[in-house]
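Okay, handing you the structure first.
By letter and in written order, the chains are A, B, C, D, E, F, G and H; residue numbering begins at 1 in each of them.
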Amino acid sequence: MTPDYLKSLLDDVRDGNTAVDAALEQLRQLPFQDLGFAQVDHHRQLRQGMPEVIFGEGKTIAQIERIMTAMSTKGSNVLVTRLDADKAQKILTIFPAASYHDEARCLTLEQKPIEHSGKGTILVVSAGTSDIPVASEALLTAGFLGNRVEHLYDVGVAGIHRLLARSEMLAAASVIIVVAGMEGALPSVVGGLVNKPVIAVPTSIGYGASFGGIAALLGMLNSCAAGVTVVNIDNGFGAACAASLMNRV
Amino acid sequence: MTPDYLKSLLDDVRDGNTAVDAALEQLRQLPFQDLGFAQVDHHRQLRQGMPEVIFGEGKTIAQIERIMTAMSTKGSNVLVTRLDADKAQKILTIFPAASYHDEARCLTLEQKPIEHSGKGTILVVSAGTSDIPVASEALLTAGFLGNRVEHLYDVGVAGIHRLLARSEMLAAASVIIVVAGMEGALPSVVGGLVNKPVIAVPTSIGYGASFGGIAALLGMLNSCAAGVTVVNIDNGFGAACAASLMNRV
Amino acid sequence: MTPDYLKSLLDDVRDGNTAVDAALEQLRQLPFQDLGFAQVDHHRQLRQGMPEVIFGEGKTIAQIERIMTAMSTKGSNVLVTRLDADKAQKILTIFPAASYHDEARCLTLEQKPIEHSGKGTILVVSAGTSDIPVASEALLTAGFLGNRVEHLYDVGVAGIHRLLARSEMLAAASVIIVVAGMEGALPSVVGGLVNKPVIAVPTSIGYGASFGGIAALLGMLNSCAAGVTVVNIDNGFGAACAASLMNRV
Amino acid sequence: MTPDYLKSLLDDVRDGNTAVDAALEQLRQLPFQDLGFAQVDHHRQLRQGMPEVIFGEGKTIAQIERIMTAMSTKGSNVLVTRLDADKAQKILTIFPAASYHDEARCLTLEQKPIEHSGKGTILVVSAGTSDIPVASEALLTAGFLGNRVEHLYDVGVAGIHRLLARSEMLAAASVIIVVAGMEGALPSVVGGLVNKPVIAVPTSIGYGASFGGIAALLGMLNSCAAGVTVVNIDNGFGAACAASLMNRV
Amino acid sequence: MTPDYLKSLLDDVRDGNTAVDAALEQLRQLPFQDLGFAQVDHHRQLRQGMPEVIFGEGKTIAQIERIMTAMSTKGSNVLVTRLDADKAQKILTIFPAASYHDEARCLTLEQKPIEHSGKGTILVVSAGTSDIPVASEALLTAGFLGNRVEHLYDVGVAGIHRLLARSEMLAAASVIIVVAGMEGALPSVVGGLVNKPVIAVPTSIGYGASFGGIAALLGMLNSCAAGVTVVNIDNGFGAACAASLMNRV
Amino acid sequence: MTPDYLKSLLDDVRDGNTAVDAALEQLRQLPFQDLGFAQVDHHRQLRQGMPEVIFGEGKTIAQIERIMTAMSTKGSNVLVTRLDADKAQKILTIFPAASYHDEARCLTLEQKPIEHSGKGTILVVSAGTSDIPVASEALLTAGFLGNRVEHLYDVGVAGIHRLLARSEMLAAASVIIVVAGMEGALPSVVGGLVNKPVIAVPTSIGYGASFGGIAALLGMLNSCAAGVTVVNIDNGFGAACAASLMNRV
Amino acid sequence: MTPDYLKSLLDDVRDGNTAVDAALEQLRQLPFQDLGFAQVDHHRQLRQGMPEVIFGEGKTIAQIERIMTAMSTKGSNVLVTRLDADKAQKILTIFPAASYHDEARCLTLEQKPIEHSGKGTILVVSAGTSDIPVASEALLTAGFLGNRVEHLYDVGVAGIHRLLARSEMLAAASVIIVVAGMEGALPSVVGGLVNKPVIAVPTSIGYGASFGGIAALLGMLNSCAAGVTVVNIDNGFGAACAASLMNRV
Amino acid sequence: MTPDYLKSLLDDVRDGNTAVDAALEQLRQLPFQDLGFAQVDHHRQLRQGMPEVIFGEGKTIAQIERIMTAMSTKGSNVLVTRLDADKAQKILTIFPAASYHDEARCLTLEQKPIEHSGKGTILVVSAGTSDIPVASEALLTAGFLGNRVEHLYDVGVAGIHRLLARSEMLAAASVIIVVAGMEGALPSVVGGLVNKPVIAVPTSIGYGASFGGIAALLGMLNSCAAGVTVVNIDNGFGAACAASLMNRV
């Protein structure tokens, strides 16, 4: 229900084409429905060309199939995150046009080309080889949301020269996602080297006192580099969503 | 030391104007010093017109005075955060041109006009009246870093209509900082209403199981609204720094 | 043992029909037994028509069968909660009159009709699709305890319009159970919209810093909406029991 | 803005007394304002005769005075919670008609008589003498919200006979608030004795491994007595609000 | 109310000396009261010669005076624990016969001699000099409860020879209370040297990762020496109560 | 090496039967060996008739077999705790004289009769049916260590009358082990009813905010009943060892 | 790129053999690469005769094979840690010259003899038999890094004489690694007996309130013996690396 | 009591100069006393020239004076740590030869010159200016224990170039103590740059989610740089003791 519609409703009341009671009933439900559609439109990325997203973990193959069918019939691009290889194989037999991305544990169904509308490049940096799955989820999501992306992996702080050797790559990015487990120190170092928003993603990599990512999370929240913000442990997808919004400010 | 300087050094070696050993010595220290100055230049806000920042908590008046003197003689604008009223009064007697901002617990010394170079407006939203000190720190910092700012206070989720009534204000911002204590639910609701980066700031407001802001922090990290990133508890300053970078992507 | 019985015992002693020693022996065990039965009677729902409840988790099929047999021979209705599908199939072969409720992971044996004796309707609201198992347990239990029930699912705070569009449903309920994982913000929003008791149920849904439901639990305990009370993580059954008592105040 | 007002607006449009554009402008802001006032009306206790509440902790005397003045000029009854004795003395000099309740750390300003509209009695039970401040806050609040109240103090589980001796008092209540620190076991015992909603309030009383009320909070969340719900540590006020709503189901 | 009394009541009913209704009324309150008095008698140390105990922390001088007066008029010995020196001085002016024990932060009023009725000696061992206040509370309490006591201080595990040199003292005790902060390792070592019940008392001594005694508490709960049981942090009083019961098994 | 042996060694030196160097060599190792054997003798229960104990969890069948063989050849009674049924079946084929106790998850090999040398009876009380495995481990261990034992199960605090009805059983015990999960309130109630040492054993039973037994553990450490001591979560064996020592004070 | 190489580059520029632009390009990448190699050289043990290390956990057999192939072709010795027996068997079929060490869960490929270049002996001490896997990882790593090693197992603090009997072994070591789970008390006792650096390794051995090694970790961090430093839970490898560096100071 | 003494005792027995019973009595106490004195001698730094240490926190001025007097009469050097300025002033009036070190909060009494017996230099590195008190305690202690010391302050990871510019200083040290609060990332970076033992000291500096140093502590325990060991939060003294031992391996 647009402002135009609202105006025509009032015109109809004025002209006697719609009774006051009938108009009243329509108005009673209006604001939330209107707001609702507006919100979905701006916020849930239902606009032409933007992907739909399904959080795959804990959903059955049948549930995923049902949602994907509903989405794909609208011609949308679809992204399924947190999907293990076994489930993915079965879904690929139903949607042969889809692709599974092993490292990122994501499945994509691209029904129309992705346009790169962001201002610059989103760079995904990761500390250790074990952080790569989370980094890949971020990289793939950022690309799927219509951003140019690059990555720089295995540049942990215990070998700081590897990071410094790529300082031009850091300087060229518009937004940087830094993925790290264990002590989670990499975002602070990166944040000290650049003048761009840095999104820190703690990973659950580690053992003992890493407590499933808490050590990395706390390290990032306490970063001494201003300009670093943090998302939930292992939340590569959320980091990419935030980066994509930042890339369109 | 610029690439040009490096080239002229090599030219000198080639032309015999500089001995190999002398050049060797200069090159040995070059990269880090160069990198260092470059970083300070781009990252530590030494550029003309940007403020210098002092974290006031735990510093003595003498220490703050000494740092402020060093900074002010360079003609910089200076921001002192986390400064209580008692210390501030004494510093104002030394720097009468400075101003103290009670609610934000910040002191500013403005020696040259602040230019608004960001792309849009940074909006600071807060949940309860007790969250206002942290929100004020964010608001003041964002303005001091050269951004247009607006604020919207006391719109907690238990009275959701107050927030919804201002949806145009939310839609008009380029970056939104959301400050909330207790259950920390406001960033999720705001994140669901807009299509802009949302920076969530948990506050230590609350009692009992709020655990000094942990409840709010966890709530924000687990936000179901994609696009929300989080900073440390009570870190209004850090949120503003991040927002300022986002406002310049 | 009722007061009447006690009086008749004393009458018998007075009239010489019961010896003092025999009466003494009966009285020695009386108060606790009496209290015991009274408690069981009022509190453990042994009254005609009320269900018996078995917590299925960690019990073997043989144990559940033995308890169900004892209960069903008394003609009681029986509810088994936290029962996985495999165990349920085997129990259904023993009690063919029972039904298994997949989503709620509950089994019910209804031997006499359930009367709806509560004052109003208990409404179960849930935030995300993954919270539905816990919501279903609450819904089924509340109905089995003799309450009219309704539900409203998938109305999380990141899409607040979906909740607002159903405000009449909220207003019509007498007690509301709100089930949510992740940041657990929904009960605060619901509590701000209605004037009824709201029981918040955190779920273990989420990952990383959700810590198996702790984030949601803390969010709910710190709710800024007065009138919200909280039960244990995933405790849909307990929420329904409490709601049922509230519905009979 | 009531439905009546909305209808008369539409009547005016129909009759040509109000131009469509003017009506449009009014309607644009309507739903949220309307919702807002409605919510405030039903939920925020702005109805005639209900008290207004100020959370006193962390507010200055000037702030409290300003809010109280605004409220009292509307003729409302006012309740200030978490107010220490020093501040209270100063406020009493400004509002001589107010009363300070030492044990409950609350101040009340009663401008019109409180009507008892709840269905039954709210009973406040507490475990130790140190829990009495929290219990008193609950007791006073429940009374101020228009409920008949009773209390039963110092009946901790280590002397279980003291509680059992008062079982009639427990049985006569419509809602029971149980306040306990240390191991927080009392709500489970009470919940096993009655057939009424029990609201458990953990207190921060204790030392060492009581961790400021966490031990009691966890004990209550894990209560083996169905029908027990929990509020935040030391939140006597919140328990009373919830009890008051339950007493009106 | 003893069994004898109950029998005589029934005799009176049989003989017509007491009406059934009057007997009924007496019986209605009997069991819990009877149980109550019995419990208090056996459990709460109301027997002739045993001390009464007041937990002093958080009580005002007036409250302590009122309770002490009630107790002392019964001729009981009185123990006040967790009493700071300032309060104690004021109480000593009211009860000049009382004594204050600085290290143990306890006040005692001894109105009749303490009999040593335990089977053997309770030995209190402590690790560091900072643990002595808690150890003193245990020592004084154990003596006041009628046990022979000895102590062995400053025998921490980093100087294990000091403990080993006193192995005869350890062997001679009937129950051993071991008080330790920091890593809380001493109870394990003592438990490995003796064949007697060892009660471990963690203290809040330490800094950083001692977390107010949690490190010591966890160390003691995980003791590899069977026969070690644990009480709350700093709970010297509780350890002495338990030791006193063990000394009378 | 006994004092007698030491004396005879010195006699031999005096009489010239042993060279000083040979004696020196023996003495060099003496004190620790002597201490060692003494400790093992008194503390590790190597005395005639006492069982040897093997912690079965994490040990392979081969390891357990090797240790059992070594022990059984000495004619000792052997107790293996934390042994699952699968491993037990295989060990029973090797040691057909052994018995496996399913509920307690323990295996015993009784090569000589167990003498009951304790002073009184150790009573094991448990709250819920799910706590029975831990209670059984305690019961079996206490019996195996030579104590008379009794048990009282399923007397949780939500049905307090069941416990009160057995108060004579409680009063007759010399030491009471109380096993409880969830809120862990039972030891406080029992401790308030008796005048004997109470050993509280938290169990990992529960879900959500029970945190694997932490809620129960904290509840027990904060018990308001003096005389209660606590062991590690699920440590039925340790409770029985401590109770056995208390039963011999 | 060595200083010599840098000098020869400058010589070439001076002599006209290398153009300035070509030299410039080489220099641009130089410092970090140079630093990099230097760091790797000094820090990552790429020097002749030192092992390469692969953290096996979470890596596939294919990944490990690829890295091992790259390393072994350089003639390096290779150490794979945290490798389970199944994966190891498959790797042994590819690298038949390698050996698998079951207890330590490590695989080694020794292509040239290990030289013992450390100053003294590294002694690995462990508390219980369950701590042996972590101790073995430390022992094997320390030896592989070129240190003389010894071990002393099963000397927990509950049988302190076993440790004391080996005090000469402790005194003879240059660095001591102490591995312990449960209460983690052993490092404090060892630290009190010797005058050498002690590295404490908490293990995840235990149950209940051991919290996967947290109890032991906290115990070690709070050690009352000065000179004790701590590594992460179960990090035998890290302890050995640190010990090896200390053995070369 | 030395081996020589033991031999002469046996000689006396052989020669009849000492009776067997008298020898027996001496031997009975020997091992522990001997061990004890030996341990104290080697371990507790009673050797000529080494300082005695008093932990000042929580001790009264009188207690410190008494211990210092006992120590100083033996001619020892004395170090008092964790001593605030007020207490220090009063102690300086008693011991005018002592010095107070404000930043390190330590007092020293140097009665004989400190010899530098360590092999190399201990370098103390710190991240922020607020970490300097802890760094100073480490620096002063290391010097007092007879080591050459250097320091490098304010080289946090957000300005990594400052650290890299001093890489020669890092390379020249024999042991490095790294002090850092907030995210605690500095030890990992330092550990990656050097080939020496690195002792990490977390500080309680920070706010919000730094949790009094826990974030830094966890970061350090999870360091990805092998060779880093950790001490308790704020434990500069302990780090220096460990470094001093390492400097003498």
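Simple rule for what comes next: contacts are C-beta pairs under 8 Å (C-beta built on N, C-alpha and C of every residue); 3 or more make two chains touch, one makes a residue touch a chain.
Worth saying up front: this structure is predicted, and the values here are computed from it rather than measured.
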Looking at C-F and D-F, which one has the bigger number of contacting C-beta pairs?
D-F
Measuring between Cα centroids, what's the chain most distant from subunit A?
E
Hey, which one of A-B, A-D or C-F is the same interface as D-E, over half the contact pairs lining up?
C-F
Averaging C-alpha coordinates per chain, one finds the centres of subunit C and subunit H separated by a number of Å equal to 60
Rounded Å distance between subunit F and subunit G, as computed from the means of their C-alpha atoms
39
Going by the contact rule already set, what residues in subunit D reach two or more other chains?
32, 35, 39, 159, 164, 167, 192-193, 208-210, 214, 217, 221-222, 232-233
By the document's touch rule, what are all the touching chain pairs in this structure?
A-B, A-C, A-D, A-G, A-H, B-C, B-D, B-G, B-H, C-D, C-E, C-F, D-E, D-F, E-F, E-G, E-H, F-G, F-H, G-H
For subunit E, which residues count as touching subunit H in their complex?
130, 159-162, 164-165, 167, 205, 207-210
Using the touch rule from the top, collect the residues of subunit H that touch subunit A in their complex.
127-128, 156-160, 164, 182-185, 188-189, 191-193, 206, 208-211, 214-216, 218-225
Residue positions on subunit B within touch of subunit G in the complex are 3, 6-7, 10-11, 13-14, 16, 20, 23-24, 27, 30-32
Contact set on subunit C toward subunit D in their complex:
35, 39, 42-43, 119-120, 164, 167, 174-175, 192-197, 199, 217, 221-222, 226-233, 237-239, 241-242, 245-247, 249
Considering only the defined contacts, which subunit E positions touch subunit D in the complex?
29, 32-33, 35-36, 39-40, 44, 57-58, 202, 204, 212-214, 217, 232-235
